[in-house]
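Shared between the two complexes below is chain A, which has chain B as its partner in the first and chain C in the second.
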Partner chain A sequence: MDSLLAAIRAAAAEELSRGLPLLSLRQYPWGVGPYLFRDSAELGELRIEPLYPVGKALLSLVRARALPVAVVARPCEVRQLVEMAKRQQVQPADVRILTFSCDSAQAQVCRCEEPGTTSLGWPELVVIGEESAQPAAAAIALPEDPAERRRFWAAQFAKCIKCYGCRNVCPMCFCEHCELEDPLWVERGKLLPGLPMFHLIRAMHMSARCTACRQCEAACPAHIPLTALYDALRQEVGSLLGYRPGASLAQRPPLSLSLREAPMQTGRH
Partner chain B sequence: MLDFHCVRTVCPYCGAGCHLLLEVLDGKLVGTLPCKEDPVSDGKLCAKGWNAWRYVEHPERLRTPLLRRGSVLEPVTWQEALEFLAAKLWGIREEHGPQAIGFFASAKCTNEENYLIQKLARAVMGTNNVDHCARL
Partner chain C sequence: MRAEQATKGFEPRIVAFLCNWCSYAGADNAGVARIPSPHNILPVRVMCSGRVSPEMILHAFRRGADGVLVLACHIGDCHYDTGNHRTAKRIPIMRKLLEAIGINPERLELDYVSSAEALRFAEVTTRFVERIRELGPAQAELRELVFEPAWHAQPGSPPSRGGS
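Right, the complex of A and B next:
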């Protein structure tokens, strides 16, 4: 871990010396959080955990046209950048990626099937350190019997307090108009009715975008195993349509790019 | 070149006091994140915590005390507002006695602020009528 951090800091210093600001996590006096490094004297404070959604912070920078930028991203986050690029949120030429393989312990925590790095066709991507991780199984134990499983999910969804944290924390939820705020589907000021459109819509929208970073699940105050649902849908999309979110920059998404996902202005200014 | 950093703070909405991170871009708030190192919230927030940052720069946020004169609310200084309030409260106390006054504290305040309001109620005004918004 220490040697990996040292290697990441060395690579980060190189980016800064080329004049690129670098988005990563920093040890502040009060704890760790996302930070845009500009001064190499601060790189001793660069951290890679706890895992914060770096892609989310990157979108803030993109919206402020703070480009080009370098970013330290874990494999699932690199795949998110790939999906963002396909959906006109970010232009690959604007973002230099420094990535590294997660370790086996982290893969276990994240139930991560793809903890290793791949190049994915991103124009400027630097791989740091060794490929060290053993993939973990994504699946959690769910009831086999369909009726029982339906009851399981109904009970899970009934716990939802509609904090919108799952959507807010998700780097792949960047729509200008979110369907979950449309009163047609999700009634305001009420908890979820029997047919949980909130959850079904989000699961549907994640089926070809989610890269299983598990941030939504970590943010859910109701401890709903949200990504078990997204994993299942993503597997369907994979086997039926041959699409894996984030696998390649060249592969077009199989479903419509989205219902109301307006293209953002990502040009340099 | 832009500055982007986070600030750790406490959600102002309720007595649970979840920590959260404010995302600051060039001096402007642009978002919030749950604080993963906070044992109280365990890196989770409710709808209020997720949106607490939004009122900071909201155009309708009150930025100065307002005093109603006739039918208009007029901006006044804190000095003027506090003097007006003190005179009113003291007048009520003189006329109807301390039991005519109640103090209402808040879960949004710090312990120290709540201590101060009960002190003001008991030691200055002479009433034990002190309650708290969480009992509503």
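Right, the complex of A and C next:
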């Protein structure tokens, strides 16, 4: 880990010397938080842990027009940037990525299927260190019996305090107008609503976007295994449309394309 | 067992999203031609089946639909060229969502009916109503999905519809 950190700092120093500010985590006296490095003297305080929503931090830089930048990102975060770029949130030319493979322990924590740095389709990408991680199984097994599944989700969703943390942290949630804020679909000021509209709408919207970074679960104060639901839809999008979010910059989001542009693999019509 | 109980006197309520350019006209023509079609259908006219968002489908279930039917133009015949292509992709994913939370995905169906296919409209809707009649009321499933703390339920009161 230390050698990896040293290598990242060295690569970061190189970016800074080329005049690119660098987004990563920094050790402050009171803790660790995102920081835009401009001075290589500060790089001793650069950290790569814990995980944080890189995409969201980058979006604030985009909105502040503080580009181009270099950014230290993990493989899942690179995949997110790929998805964001396809949806015009960021221009690939503006962002240079320093990436590194997560380790097996991290992959276990994240239930990550793709902790490695191979097949990341970003034009300006520097890979640091070795690829070492064993992928983990993504799925939290949902109960077999539908009635059990209903009770499982009922108990999980009942814990939701509607803090919108899962949406706010998600780098794939960048819409100006959010359907989750429309009182027609999601009631305001009401917990234990009838059908868990909030969660079902969010799951649908994530189906061809979620890159399984698990940031939403990490942010959720109620420890709801949200991505167990998103994973099921992600797999469906994979088998139905052959689409894996973040896999390639060239493959456009299938749900907003016609059947001619993005055909279905298993047609039902 | 539940289906048996439920079918007794159970009339499914079906929300059908009908495209202005095809299935709505198809339904109209079925009426004009006096082809009997089930009265269980509550038609909602939309300008394109592509407009039918997941929110609208969920809302229909939340407000008491036992099944939701989306009737689009045949692929290739969309008034807006490819609006129904989006529907064709969205509905299978939506069915997967229903399945993942334990709602029978058969309660949601996509089919294709042109404006000339009055007979087909009657067939498709009749078949769907029969299917939902078999499955029983959706509220039996939806109610389980809604966590109701003991202090919410009042003795003897009917189970809540879910949502307000």
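To be clear about the criterion, the second predicted complex is superposed on the first by the 252 of 269 C-alpha atoms of A that agree within 3 Å, B and C clash if a C-alpha of one lies under 4 Å from a C-alpha of the other, contacts with A are read in each partner's own complex, and residues count from 1 in each chain.
Just so we're on the same page, contacts are C-beta pairs under 8 Å (C-beta built on N, C-alpha and C of every residue); 3 or more make two chains touch, one makes a residue touch a chain.
Source: prediction; values computed, not measured.
Student: After the match on chain A, would you call chain B and chain C a fit or a clash?
Tutor: fit
Student: By the touch definition at the top of the document, which applies to A:Cys220: first (chain B), second (chain C), both, or neither?
Tutor: Only chain B is touched by A:Cys220; chain C is not.
Student: Quick check on the superposed pair: does A:Pro21 touch chain B, chain C, both, or neither? Answer first, second, both or neither.
Tutor: It touches chain B, and chain C stays clear.
Student: Touch check for A:Pro34: first (chain B), second (chain C), both, or neither?
Tutor: In the superposition, A:Pro34 touches chain B alone.
Student: Is A:Arg149 touching the first partner chain B, the second partner chain C, both, or neither of them?
Tutor: second
Student: In the superposed arrangement, does A:Asn168 touch chain B (first), chain C (second), both or neither?
Tutor: first
Student: Just to be sure I read the superposition right, which of the two partners does A:Pro50 touch: chain B = first, chain C = second, or both, or neither?
Tutor: In the superposition, A:Pro50 touches chain B alone.
Student: Does chain A have more residues touched by chain B or by chain C?
Tutor: C
Student: Regarding the shared-chain residue A:Ser60, is it in contact with chain B (first), chain C (second), both, or neither?
Tutor: first
Student: Quick check: superposed on A, how many Å separate the nearest Cα atoms of chain B and chain C?
Tutor: Minimum C-alpha separation, chain B to chain C, in the superposed model is 21 Å.
Student: Name, in rising order, each residue of chain B that touches chain A in their complex.
Tutor: Residues 1-6, 8, 21, 23, 25-26, 30-31, 33-37, 43-47, 49-50.
Student: Using the touch definition up top, name the residues of chain A that touch chain C in the complex.
Tutor: 142, 146-155, 157-158, 179, 182, 184-185, 187, 190, 192-197, 200-201, 203-205, 207, 229, 232-233, 236-237, 240-241, 254-260, 262, 264, 267-269
Student: Across the complex, what residues on chain C touch chain A?
Tutor: 53-55, 58-59, 61-62, 75, 81-82, 85-86, 88-90, 92-94, 96-97, 99-104, 110, 112, 141-142, 144-149, 152, 160-164
Student: Under the definition above, what is the set of chain A residues touching chain B in their complex?
Tutor: Contacts found on chain A: 21, 23, 26, 28, 30-36, 38, 50-53, 56-57, 60-61, 63-64, 66, 161-165, 168-169, 218-221.
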